[in-house]
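A, B, C and D label the chains in the order they appear, each numbered from 1.
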Amino acid sequence: MKNAELWFTEYQSDNLSIGLRINKTIHSEVTEFQTLDIMETEQYGNLLVLDGCVMTTDKDEFVYHEMISHVPLHTHPNPKRVLVIGGGDGGAIREIIKHPSVEKAVLAEIDGRVIETSKEYFPQIASGLADPRVDVQVTDGIQYVKDHKGEFDVILVDSTDPIGPAVGLFARDFYQLVFEALTDDGLFVAQTESPFANQKLISQVNADIKSVFPQTHMYLAFIPTYPTGMWSFTMGSKKYNPLQDQQPQRVTGTKYYSSDVHKGAFALPPFVQELIKG
Amino acid sequence: MKNAELWFTEYQSDNLSIGLRINKTIHSEVTEFQTLDIMETEQYGNLLVLDGCVMTTDKDEFVYHEMISHVPLHTHPNPKRVLVIGGGDGGAIREIIKHPSVEKAVLAEIDGRVIETSKEYFPQIASGLADPRVDVQVTDGIQYVKDHKGEFDVILVDSTDPIGPAVGLFARDFYQLVFEALTDDGLFVAQTESPFANQKLISQVNADIKSVFPQTHMYLAFIPTYPTGMWSFTMGSKKYNPLQDQQPQRVTGTKYYSSDVHKGAFALPPFVQELIKG
Amino acid sequence: MKNAELWFTEYQSDNLSIGLRINKTIHSEVTEFQTLDIMETEQYGNLLVLDGCVMTTDKDEFVYHEMISHVPLHTHPNPKRVLVIGGGDGGAIREIIKHPSVEKAVLAEIDGRVIETSKEYFPQIASGLADPRVDVQVTDGIQYVKDHKGEFDVILVDSTDPIGPAVGLFARDFYQLVFEALTDDGLFVAQTESPFANQKLISQVNADIKSVFPQTHMYLAFIPTYPTGMWSFTMGSKKYNPLQDQQPQRVTGTKYYSSDVHKGAFALPPFVQELIKG
Amino acid sequence: MKNAELWFTEYQSDNLSIGLRINKTIHSEVTEFQTLDIMETEQYGNLLVLDGCVMTTDKDEFVYHEMISHVPLHTHPNPKRVLVIGGGDGGAIREIIKHPSVEKAVLAEIDGRVIETSKEYFPQIASGLADPRVDVQVTDGIQYVKDHKGEFDVILVDSTDPIGPAVGLFARDFYQLVFEALTDDGLFVAQTESPFANQKLISQVNADIKSVFPQTHMYLAFIPTYPTGMWSFTMGSKKYNPLQDQQPQRVTGTKYYSSDVHKGAFALPPFVQELIKG
């Protein structure tokens, strides 16, 4: 097409959008829980969209998946059992099982269609799901943590934005359940949106996690396809501190994570500290 | 998708565009002659795009195909042999063969891929191509008229915009060849773009046809997916006048064409008359 | 700007949009009744937008204003008193006062800000408002017709789309009031949206006008900046028929209207006739 | 506007765009050097666009201006004379003069219109330009450094993207001139685009700076309105190392910069290190 174009636009807020030129649509469905769209972009390869929000792309998925996984797994000295809530694309699982100490990694994803379509259209992201240490559960993550008290060293909350099926994953009651599902020295990390765009949410989530966990720490990563490009993750920990207890790098071949990046990611600009000083 | 959208945009000029929400892409290729894209729109059903220009859609194709065909075929008293140059989607052919007098309808389309993809994705438009009276030729229309002197009662130039493969179809030399390919009382019609948007082209084309044919007549139709929605067709005729020689309506079931619409379509606003007064 | 663009997009439906490149914004306000935006487009000159709908542009306003005015005023043999409801830009008034028989033209526009900003930013459209025969009333058109029984030979309903302040102007009760405000041989015309895009509305409006007036006639015009480019007007008349009683053209210098265009505009395609066959 | 929208779109690449809803255009001109547009966005306040590239906005300008300034000025132990090349909006100057040691800050901006319009429409960014220590020169920065050998402790290259007037500021010859304009222990920082989007440029610029300066260091900041949101700055230094020689924070009230952020900004992800390992 010369005079014409096909673009995907995500309205990241009422007043801000990101546009990606689309080569073709690959898959679209309305699952039991959400809309699910997969398209081929020129800029970032295949694109996964849930309920109209960019979830991941072939070209930049490494940032999110390395940072949600390797920061907590290099904070805990010996993570054996790890739970991912959400994360049906399998990217977090792929990173988790690179850690030699991990004996079991459970994926509790509410929407089986995310898992199945990721296997088909994002095979390099979903690659870890076939590992024998991985237990894939198509189930409500909230119910799953209720039913598994004291079982996990590390829990990752790899959720969509706090609309639709993920609303319950941004609530104090849920953080309490996560606390109870962790072992005595366990810790968890949740993706917690953008400090430029989601300031109220970040303040609230931080306060909620603080009210449940002895330690709360926020860190940041550059994710080009997420609103504003600045993305936050929040760790709640019973015992270990991500800087004082940082472990030497155990996995090789990372493209975003490194021991230095681990440290640097916790250096929050004052305007971000302000949001969570509560 | 809730927060996100997929839209096709045609830039009809540097400063004007039309946007159509896309459900999915259906087919894309670069043929020997042009880019060819088929998408499913929410507003108009399937959409055919050649070189970035909207060619036709399921929902509004009837206007173009009825008006390019039935006006000349209701001007000629007894059209037996009809040629369509371009028109690979088959829509003009479908209308032509509704005329009982037609013994042979030739489609001379340069790009066989347009024919094949239309058969697959626009079966209701391409439906007439299977008729035994129809002769589909994948060939250069200019060469075809050169090789068939004095053979046709009516010729339709159902071309793309005057860029790419269709440039030669908007030229005086071509109109001369069309003249020679017609019988002694033959007539032809070409789609000749929008009087709001393509004023120079219309003036030039009109002057060129006038210099070849004894009679030149312009008429108009409402086509929502074409730039400005106002589309012109120009008739060059050796003998018959579309108003004085208008035939009673011979085909039934038309959605746009009627004897009254035939007459009314030649009532040109003064600003359009100005373009062609030359 | 090289890599960047500023575009105005009107979503004409959920699935269809028109885009216009903007040179600059000129004026924006929220009046007592609606949002009002004026911008300079590259394609069509200045653009007036009310409640997010394109109302008029410098370059194509002539079509709408000539066709809403000259068709009824060339149907009535001797229009002396004319009322415009809405039409605060003044374009209809400008055309009305070209008719020598007109002694008084009243503009009943509910939103005085439309009148004032049109005078400032569309002086060539608003030019007629200063004529001594013109009486500008900033008032509710519905109340105005209630208060002026039997006074007008011709009434034009030059309204916005049937949302916001114009909702009441697309209702049977209003057509009854218009009937009563007309003289015994009076007639009225309303703009009645696009036969491609607003089919239910057209059917309803036509039925409503038919239930009040002895004669109902629809006609069409090409308006590039309105959805689909095909626009309808509906006439309700007590006595005169727009074809049988058509008057010779009384005004000169028109760019769209002519006696032939007058006739041709009533030639409705069968799919449009179907909408109003009721 | 309800059904319509006005958006500014920057095509950050052929396949990637950012969109900002526009309340109104404020100023547009073609200066001697570039196009210059100022608009009011809903998301980020006033927006400055040069040659179609977002330069700065009211709401996120603090990141860029603090990071281009305070990192080098907290690396040099006693910066007295500072030069900004480009930076006509004045934001870098505003930050520079917060350092008590600074005796003179020169702004060498080639386009005086950037300075003048910033004073008018971004008064809080341009505020420092009135300080008595500031010397504003409307001049070619390349010529300026040629003419001022050995004069500056710190030089900031606060340029537009490497198209148009800024092309010469991304060249080895220029870095050599910058080297010569610095004092014996001087250092400079240039904005050096996005590691996600401009990988070749970053590799080249890094190699060029390395070939001139004993030390080269890259650091990163989150800038939501720049392509991908990940922005790089590159320091070339004759003597001081930004980590080993980091000075205690001398300025208060920063929103992005802190001593921790200073350190963390140099923690480059492996994929970024790869670009500059040369």
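Definition applied: a residue touches a chain if its C-beta (ideal position, glycine included) is under 8 Å from a C-beta of that chain, and two chains touch if they have at least 3 such contacts.
Remember, predicted model here, so these are calculated numbers, not experimental data.
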Subject >> Those chains which touch chain C and also touch chain B >> reply: none
Subject >> Separation of chain D from chain B in steps, with touching chains one step apart >> reply: 2
Subject >> CA centroid of chain A to CA centroid of chain B, Å >> reply: 53
Original post:
How big is the gap, in whole Å, between where the Cα atoms of chain A centre and where those of chain D centre?
Top reply: 32
Original post:
Using CA atom averages as chain centres, what separation in Å is found between chain A and chain C?
Top reply: 55
Original post:
So which stretches of chain A touch two or more other chains?
Top reply: 7, 9
**OP:** For this assembly, give the contact graph shape among line, ring, star, complete and other.
**Re:** ring
Subject >> Interchain pairs in contact, sorted by label >> reply: A-B, A-D, B-C, C-D
Original post:
Which chain A residues qualify as touching chain B in the complex?
Top reply: 1-12, 22-25, 28, 35, 37, 39, 49, 51-54, 163
**OP:** Name, in rising order, each residue of chain A that touches chain D in their complex.
**Re:** 7, 9, 13-21, 41-43, 60, 62-63, 196-197, 220, 222-224, 228-230, 254-258, 260-261, 263-271
